[in-house]
Structures are given as structure tokens and as C-alpha cells.
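Take a look at the structure set out below.
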Amino acid sequence: MNLRTIKCAVVITEAAIKAEVIEFMTGLGAKGYTIDTVCGRGDRGVRDDDAMLGDYLRNVKIEAVVPPDVAERIITGVVEKFFKNYAGIAYMHDVQIVRHTKFEF
Amino acid sequence: MTEFFQISLQNILSPPILFFILGLFAARVRSDLEIPPAVGKALSYYLLLVIGFKGGVELSASELNMTLIYALAAAVIAGAALPLIAFPLLRVAARLDRVNAAAIAAHYGSISVVTFVAAVSFLGISGIAYEGYLVAMMALMEAPAIITGLVLARGGRGSNVFSSAFVREVLFGGTLLLLIGSFCVGWITGGRGMEAMAGFIKTPFTGVLCFFLLEMGIMTGKRLSDIAKAGLPLALFGLYMPMIGGVMGMLLGALVGLSLGGTVLLAVLCASASYIVVPAALRHALPEANPALSMPLALGVTFPFNIFVGIPLYYFLAQKIFMLL
Amino acid sequence: MTEFFQISLQNILSPPILFFILGLFAARVRSDLEIPPAVGKALSYYLLLVIGFKGGVELSASELNMTLIYALAAAVIAGAALPLIAFPLLRVAARLDRVNAAAIAAHYGSISVVTFVAAVSFLGISGIAYEGYLVAMMALMEAPAIITGLVLARGGRGSNVFSSAFVREVLFGGTLLLLIGSFCVGWITGGRGMEAMAGFIKTPFTGVLCFFLLEMGIMTGKRLSDIAKAGLPLALFGLYMPMIGGVMGMLLGALVGLSLGGTVLLAVLCASASYIVVPAALRHALPEANPALSMPLALGVTFPFNIFVGIPLYYFLAQKIFMLL
Amino acid sequence: MNLRTIKCAVVITEAAIKAEVIEFMTGLGAKGYTIDTVCGRGDRGVRDDDAMLGDYLRNVKIEAVVPPDVAERIITGVVEKFFKNYAGIAYMHDVQIVRHTKFEF
Amino acid sequence: MTEFFQISLQNILSPPILFFILGLFAARVRSDLEIPPAVGKALSYYLLLVIGFKGGVELSASELNMTLIYALAAAVIAGAALPLIAFPLLRVAARLDRVNAAAIAAHYGSISVVTFVAAVSFLGISGIAYEGYLVAMMALMEAPAIITGLVLARGGRGSNVFSSAFVREVLFGGTLLLLIGSFCVGWITGGRGMEAMAGFIKTPFTGVLCFFLLEMGIMTGKRLSDIAKAGLPLALFGLYMPMIGGVMGMLLGALVGLSLGGTVLLAVLCASASYIVVPAALRHALPEANPALSMPLALGVTFPFNIFVGIPLYYFLAQKIFMLL
Amino acid sequence: MNLRTIKCAVVITEAAIKAEVIEFMTGLGAKGYTIDTVCGRGDRGVRDDDAMLGDYLRNVKIEAVVPPDVAERIITGVVEKFFKNYAGIAYMHDVQIVRHTKFEF
């Protein structure tokens, strides 16, 4: 099988907007995603997993393996759409995959 | 006065409050003592289920009268009115911008279930009864408080206040849904239901509350340092606002004809500030508001104030009021 | 008939079922109410421990007779026979391919512990006794059901049915191991053991079951939409298959001479479908089978059917049968 | 210390086959791995953490820092061996490390 | 001798120990049975809270006398002395390097709360009382043990023994803090507190202990294979060291005038080895030490030895000693 | 918006030294980090999440998006400072981000 290089777009943000961000990413062309609950720290201070106090204190890390153009639209898009009011970062990096049709429309 | 000291001493020397203090201490010395989040959440669900169920059972036992109607109306009014009192104070005394003032105001119109539970267990120790429907009153205060807050934030224009996300957060949010749901189950199944559930509802209750307040103490302790950032005027608001709310609650309670216990609990509801439901709802409905301001205030200042001073104080004052009546 | 309505009404108006309904509602309105997975798992372990332990203790009290032997044999037979009934129905009525028909058939030969527990609490409320070894019967139904399913899938050729992974999943899977283990502990320690454990086994039982059924309701509600994808013929199978199994279980129970309570429980075992042990086992032994077909059917259709209609129905019919005897 | 570029091979699949996949990866030459439970969505629908219902509904994310040839064999291998019947994706990407001997045989 | 067999049989046939065996079995057959970590941690906190609280309540009931002072002193001495006995044995018999010998020595100077709890429930079944302040003694053994270990590791030079991290781990570590904190709450609230908490402290205790020992069995079983790596001399040390400690504890107990129950518990404290507090503390204070050596030894060898053989043995011997007195 | 390539530095090590490692990373110039609890296996054997037995048996995965020079100092630094006595690995890889000022001082 021949490998192909596409992108992995990663968004780390408030669990409170998990659903919105996922919808946004799939809307831009992500055919799938993987999500995990994480803690962290940034300009908006420490964000720790106090499950009792609710999602808005926790972070989620959402990653989607997508074609380069989709990845770029995702990371630029989330910054514009969400990161004015919500805590978060977004980045992308190259990944080599086998079944490229699985990740493209 | 000595009488008040006795009451608050009796309150502070009860296991739940002592475990709360233990939690505060653990957080201050940066101990790794920490109830796992999953368990903490489950314990909070247990308390909601118990409080709701008990309220429902008690309601099923008592015949419905006008007082109930008045009381429920009073709850809605209180939830909507408190933010209107808090807002100007926050704007002027604490010099907050419109949005953040409105956001915090909403927190204080709403309620803290754990404070309510602590008050219930306080009344329990003193053997004082209360109306079962206070749980329903508690449930009715959230929405008006948040809506008022949003309208204040939008400068009168209550645009898109009722977004679907908002409704889901507030009406169908886990906290409220479990509380009301358990209330209904208790109401439907009544005494028969309590019989079957007593071993779960009553037997471990105080112990679980201790466990839970231990965790609350840890979380509160962790946030004490954030209060400094909030600034003195805001911290002071976290102390006098509950007293304003508490007095208002007492008068409302006496007015609608609640029992002594019920009056104390309504005072506690008005005095307490939400740190779970409202923050979650506002994160969607008012994202410009800064949660780092409201959280430490409600959890770090007002919550411990009510636990240590508020509850016995409102009880003490309510007694005095009921003597006059 | 009115009699049956009374029974099912009494069933539906019991706290556990009402909390199940609450869970269903929460899921439908997409509430964020959700028991943390870790806690949900622990609660399921609690129920397994309790059910197993109680069964063992009761067995230790009753003297062993031939009925026990017959009953255990009946369980094995039922586990192996039910898939043989389900398979053709799935092939013909639901037009499923061999592999998926066999996989689903295995689910219906096996059992759902939670349905069993709900039935036990239903009998408890009605104050009806049952044989302790029904827990052992429950444990004996899994393996034959899965093996039959695998043989059907392989078109008669039971090749590598007993892979080590398979054995570990089925015989040593957490669910079964804890159930049987607790059964043995109860059997060995008997009344003395129950004395020491009563405060854990009996006191909170109903309440924990409510908490657990709340979570089950949420999970079921989440999957209701998947049933549409499964298609009507399959959904219907999820409704009539439990009745077929239930009747078969009743006749078997009466045949081997179980008590009324025991007969009801055997009916429930035959009527219920596995959604934990079998899916896990088949994921390894029959990976070609599509779990997205069997899961929603067992959890989304058959489980609620048994909870709402099945349990009271089998009880009602079993009563009738026992009158004839 | 001089940096060296090798690969990080990532496999996201059903927790049910966690053990098999790990064995497969170490068999191909991974001297270590890091594993985490994640949720996600793909062609096989949403896979969420219903711990009560068992592993086959959950995902695990397994990553191994390995030499490039090993990484390639891993991601092509898991696709062939597991992803016909099991949900999952696999990809690899460059990483710079310090103690390369730690990752090579 | 038959008498000893009866005692240990009665011990092994108690639900907690049987569930421990079930856990061992589950781990050996590589079952997926596993209490979620979050729940396991919460259960351990429950046991700490209960043990601490009960101890405090009992202490508040008994008048303070010199025995208390002697006993507390004895605990400190035991904690500091045991590593001095263990160290040479580890150096010579097990041929360990200085650092790892010192690290393991510290583990055996310290204590295992779960072993203590198991002994408490063992005494409970036999209806034997013990001094409440044994909990305080338990808490006092950790620090001296670790400090001695560090001094031994540093070849006499106790440099940076008291790093802030170290203090936080040991004095303010979750385990110890919750134990002492609950002890104080129990002491302050006394009988009144126990009344309010009994449904949480006493009712589910044995059952939770079973659940917890099930998990302990699983964790122990998982580590049994690591013991092979540790080597025979080290494994043997894990068997004879607890007996040395146990005898020392018994003599100390009799010397300071503890009751039979108190003497048995002190023996258990001296015989048991820490696998939570000490490893965590040493990971910071003595990072060169290899945790893969001490863990399997304390958890895989000494813990089960004490559970199965040690506890009944120390009880048996203590009885003999008390007959002579 | 124009993308810029910087680095993501990843450290996987014992949860016991979480605080120290975070301090070390922020000290070297990480303005933020994301952390998660993971399990894994390496030269020091299997490290699984036995929460009951305490942190020293668990791993944490700490990642920080930082300028290349900071990333290099982090991964070389943690190896020298921590990995003689503690279990762990460290690596870095390129990532493209949008708001580069967020990650640089």
C-alpha cells in the first residue's frame, strides 16, 4: 500500500462547547474525529477536571485526520469563531496514512 | 447573642462542617487528598436524588393549600428580584462592566443545592421540620434568575434568551432534572416509596454529606487564592449579598406563611449563589462574561460564609421573627 | 385483565421503574444528566455482588434436592435452545444474513442481569420467594447460548469456538466471575455471612437499583434512535422474541418444579437478552457480526419491554399456570 | 545532545482488541507504547465511553515512537489485520527525539 | 494448634477474605473484572474515614491515661526501630545495595491501613475490643519509618530529609490527612457524631471492605508474577519480616499495657508494610530506589501473608501472652 | 491569516513528578500546556492506572506548543534532569498554528 501525507487538525478547548466545535469541524469536511478530556493551562489560567463543577472548567482535545485544506480551514475557523470568548488553542501537523479515501470525500 | 453563638457552635461542631474544614485545610497545605471527580459527581447526584425524593414524599403526605401556591410564586419572584438588587451593587460598589455584573447577579438570584442540603441537615440535627415543597421552590428559582441576568446583560433587550442550548442547560440540566425527577418519584410513590428507599435515602445521608463537603472544602480551598484577583469590593459583595438575600428570603417566608424550618430554608436559597447550573448556562448564553470572576466569588466566598455563618444566622433571626408573629 | 393492569401499574409506579423512565426522558431531551461510567460500572458490580451473594446464602439454607439438578439442566438447555428458535425467525422474518442472525440469536439465548435484578425487586415488593439457585441457573445460560450462536454462524462447523480469548470473555468475564464468586461466598458463609453483610446487601439495595436504572434509562434512551436504522422487522423481533422465551421459561419452570417466584425469574431469564457479556464475547469470536445491530435491539427494545410489560406479564401468566397445577 | 528524527505510529481502535493490537505493534519492533482511552466518531458511528456496556464501545489510542520502517509496518499492518472487522484508524508522523537508542533494537 | 487452625479458618471463611481470594483468582485467570480506579480510591477513602472516625469517637469515650502516652511513644519507636532491623537483613540475606535496602526497610517500618482494617474486622467478628487511639499510633509510625530509611540510604547523612515535597507527601498526604482528620472529627463530635454517622460508618462497613479487598486481591494477583523477578531471598524476607515485626509489636503492646485487641493491632501494624504512602514519599525523597522491588514485595508477599496467616497468628500468640500475664 | 510552523514538545513521564516537569517546562518558556493521564509500557515495565496505589505507577502526557528553540531545550532538558531516576520519554514535532504570538514571549 502506498502512504499519503495529509493533516491532523487538533483543537483543545472548553468542554462546554464540545458539541459546537465538533459540528463546526465535521461541517468543514472532517469525516471522523477522536476526542478526549484533558486538563491544561494557558492565558485563561489552570483548567482542571472538577467534574462536579461542570464542563466549563474542563478541556477537550479533539483531533481530526483530514485533507490539508480542510485542516487549515478548521484551525483558522475555530480561532475566529470560538477563541474570542472561549479558552482554546488549535494546530495541525502532517500525518502519513494508508487508506486516504477514508479521510476524503 | 450567646444564644447565636451556641447555635453556630453547634453548627460548626457537626461532622459535615468539620469535614468541610478538613477539606479547606487539605487544599491550603496542597495535600493530594482529592475525591475522584467521577465519584464527586456521583455523590452530588446522590444528594440531589435524596433531597428531591424526600421533598416529594413529604409533599405527598401534606394536603395542598394556598400557601403552596404563594410559596412557589414567591420563589419565582425571589429568583427574578435578587439579580435586580445585586446588579446595581455590582455596577457601583464593585465597578464591574454591565456584562459581568449581570452574570454575577444571575448567580446570586439562583441557588446552591449543597448549601440547601447543609441547611437541611442543620435543621435535622435541631429536629426542625420544613415543607417538602421547598425543593420545588429551589427548582423554580434558577430560570428566572438566569433570564433576569441575561436581560440585564443585553441592556434590556432579551434577545435570544431562549436558545435551545440555554433551555437544555437550565430546564434539562442534569442537576435540575434529577432534583425535579426525584421529587416527582417521591411524590408519586409517597410513603410506600420511602419505605422501600429509606435504607438508601436516610441511612447513609449524613455520612455521604460529610464526604461531599470534604470535597467541597477542597474545591473551595483551591479557589481561595483566586479571590484576591477578584479584588476586595467583589469579595465584600460575596459577604453582604447573601445577608441581603437571606433577610429577603426570611421576610418572604414569613409573608407567605411558611413554617420556621421552611422560612430558614428559603432564606438559605435566597442567600446562596449558584456555582454549577448558572455558570454552565451562561457559558453558552453569555460567553463574554468571565467565569473566572463569578466562580471564586460564589464558591470561595459566599458558599463558606453561608456554611459557617449564614445558616445559623438565618435560623437565629427567623426564630426572632417567629416570636414576634 | 384488570388484575394484570393492577400488577403492571404497581410495577411501573415503583421507584426503580420511575427512575428508569426519568433516565429515558433525560436522554430524549439530551440532558447532560449522566452517571459517570466508572460509577455506573461500580454500581453494576454492586448489583452482581448482591444478587450472587443472596442467591448463595439462600441456597445454603435450603437442602439440595433433585429439583436443583433438573433446574440447572433446564438452564443449560434453555440457553442452547433459545438461539435455535431465534435464528430462523431472524433469517426469515428479519431477512438477516447468517452471521448477524446467529449473533443476535446468541444474545437472546443469554440473559440480562439487570432485568433479572428488576424482577427480583418486583417479587420482593410483592413478597414472593424464589429459589436461591436461580442465580446459578442465570450463570449457566451464557455459555450454551454463545456456543450455539457460534455454531450457527459457522454453518454447523464450530471451528475455534473455544479460543482462549473466548473462554476468558465468557467464563472469566468480570460479570459472570463476580456473580458466581459472590454466589460461592454467600454459599460458604451462609446466614453468618449475611448477618455481617446485611447492611451492605439489603439496606441500600433498592436505592442503588434506582440509581442504576436511571443510568440504564439514559443509555437506553440514547439508543432508541438507532433502532430505526435496525428496521421494523428486527424491532418487532425484539418484542415477540422475549414473549416466546418467557413462555418457554415458564413451562420449563413449572416442569422442573420451581416455585412461583422461581418460575417467573426463569421466564425473565429466557425472555431477556444479553447486552454486555455476549457482545463482548462475540466481538472476539465473531468479529464479522455487526454490534450496531444487536446492541440497540437488546438494550433499546427488549430491555425496556421486559421492564415495563414483560416482568408483570410473566408474573401474571405464571400465577395462572400455578392455579391450573 | 544531537536530535534524531524517527516516527510516532498512532493507532486508534476498539478497546476490545487492545491486547491484540499492542502485541502486534511490539511484535513489529515497538520497544514501548503509550495508551489512552478516547471517544470518537467515524464510519462506524459514534463510539462513546459507556464503561458499563464494555470495551467494545470504547476506543483506545495507542502510540509508539519507533524507527520509520517499523512505523510503516505498523500502520499498514493494523489496517490489513484488524480494520476489516474492527473500527479504527492508523497514522504516523515525524518526531524528533534525543536518546534514539531507547527506541531502536 | 488445632485452636490456631480454627482461628485462621474462621478468618479465611469470612466474606472479606473470601472476596480477597476471588480477586486473586480473577487476576490469575486474567479476567477483566476490575473496580474502576476512581471507585477504588473512593472506597479506600471511605475506609480511612471510618477507621479514623471510629478511633476518635472511642478515644473521646475513654479517659486519657499514661498508657496512651506510652502507646504513642511505642508507635514512634516501632516505626523508627523496624527499619533498623530490616536494613541489615536486606543487605546481608537479600544482598541488596544500600539505597534499595534502606527504601524497603522504610516500607516495613511503616504500615498498611488495609491490613489494619482487615484486622479490625477480624476482631469485630470475634467481638474483641481495642483502644481507639491505635489509629493515632498507626498515623505516628509512617514518618519515623521513612526518616530512618532515608538516613540509612544516605549512609547516616540525613541531608535534605525534610524537603517540602517530602513533608507534603508524608504529613499532608491524602491517606494520612484523611485518617487523622476523621480521627479528630470523631474525637470532637464523640457519641453525638457517631449517632449521626452510624448509618454510614457501621451499616455498610463490612460490605465495602469486601468490595475493597476484592480490588486488593486483583491488584495483588497482578503483581504475583513480579515477585519472581525480585528473587527468592527477597520474597522470603517478605515472609519472615512481618513475623519479626509482629512479635515485636506484641511485646511492645503487652509492655505498654494495651488490651488484647490493642496488642493484636499493634502487632499487625508492625508486621504490615506500606505500599501507598512510603512508595509515594520515596519516589520524591529517594528517586534512585527502584519501586519495582519494594511494591511487589509489600503488596504481593507481605500483604497476603498478613491477611491469611499473620492476623490470626498474632491473635493466637497474643492470647497466649495474655494468659501468662 | 498566515500560518506559522512551531513545535509541539511532548513529555510522557511518571505522574509523581508532574508538578516538577510542568514547572521545568514553563520555566523554559512554555506559556501553556495540556496534560492527560495515560498508561503505557517501556524499559521500566508496564505502568497502569492503579489510582489506589498512587501516582508513581501512573503516567502523564504533557504537551506544550512552543517555539522550536524552547521545544529543543525542553526535550533535551527533561532527559538530563529527570529520566535518570524516573520513567519517561520526550519528543517534539512540527505543528502549524495561527496566532503565533499566543505561544511566544
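All chains are identified by letter, namely A, B, C, D, E and F, in their written order; residue positions are counted from 1 within each chain.
Definition applied: a contact is a pair of C-beta atoms (placed from the backbone, for glycine too) under 8 Å apart; a residue touches a chain by one contact, two chains touch by 3 or more.
Remember, predicted model here, so these are calculated numbers, not experimental data.
A.B. asks: Measuring between Cα centroids, what's the chain most distant from chain F?
C.D. replies: For chain F, the chain whose C-alpha mean is farthest off is C.
A.B. asks: Based on the averaged CA atom positions, which chain is farthest from chain B?
C.D. replies: Centroid comparison gives D as the farthest chain from chain B.
A.B. asks: Between chain E and chain F, what is the separation of their C-alpha centroids in Å?
C.D. replies: Here the centre of chain F sits 36 Å away from the centre of chain E.
A.B. asks: Between chain A and chain D, tell me the centre distance in angstrom, where each centre is the average of that chain's C-alpha atoms.
C.D. replies: A distance of 19 Å separates the two centres.
A.B. asks: From the mean C-alpha coordinate of chain B to that of chain E, what's the distance rounded to whole Å?
C.D. replies: Once rounded, the distance between the two centres reads 41 Å.
A.B. asks: Going by the touch rule set out above, which residues of chain F reach two or more other chains?
C.D. replies: 36, 51, 55, 93-94
A.B. asks: Quick one: which residues in chain E touch 2 or more of the other chains?
C.D. replies: 32, 36-39, 41, 203-204, in rising order.
A.B. asks: Once bound in the complex, which stretches of chain A touch chain D?
C.D. replies: 1, 3, 8, 22, 31-36, 65, 93-99, 102
A.B. asks: Can you tell me which positions in chain B touch chain A when the two form their complex?
C.D. replies: Listed in rising order, the residues of chain B that touch chain A are 37-38, 40-41, 44, 215, 219, 275-276, 279-280, 283-284, 287-288, 291-292, 295, 299.
A.B. asks: Show which residues of chain F lie in contact with chain D when the two form their complex.
C.D. replies: That would be residues 10, 12, 36-43, 59, 61, 72, 75-76, 79, 83, 89-94 of chain F.
A.B. asks: State the interface residues of chain F toward chain E in the complex, per the touch definition above.
C.D. replies: That would be residues 14, 16-17, 44-45, 49-57, 85-86 of chain F.
A.B. asks: Note which residues of chain E are touching chain C in the complex, please.
C.D. replies: Of all residues in chain E, those touching chain C are 13-15, 18-19, 22, 25-26, 29-39, 125, 202-208, 210-211, 214.
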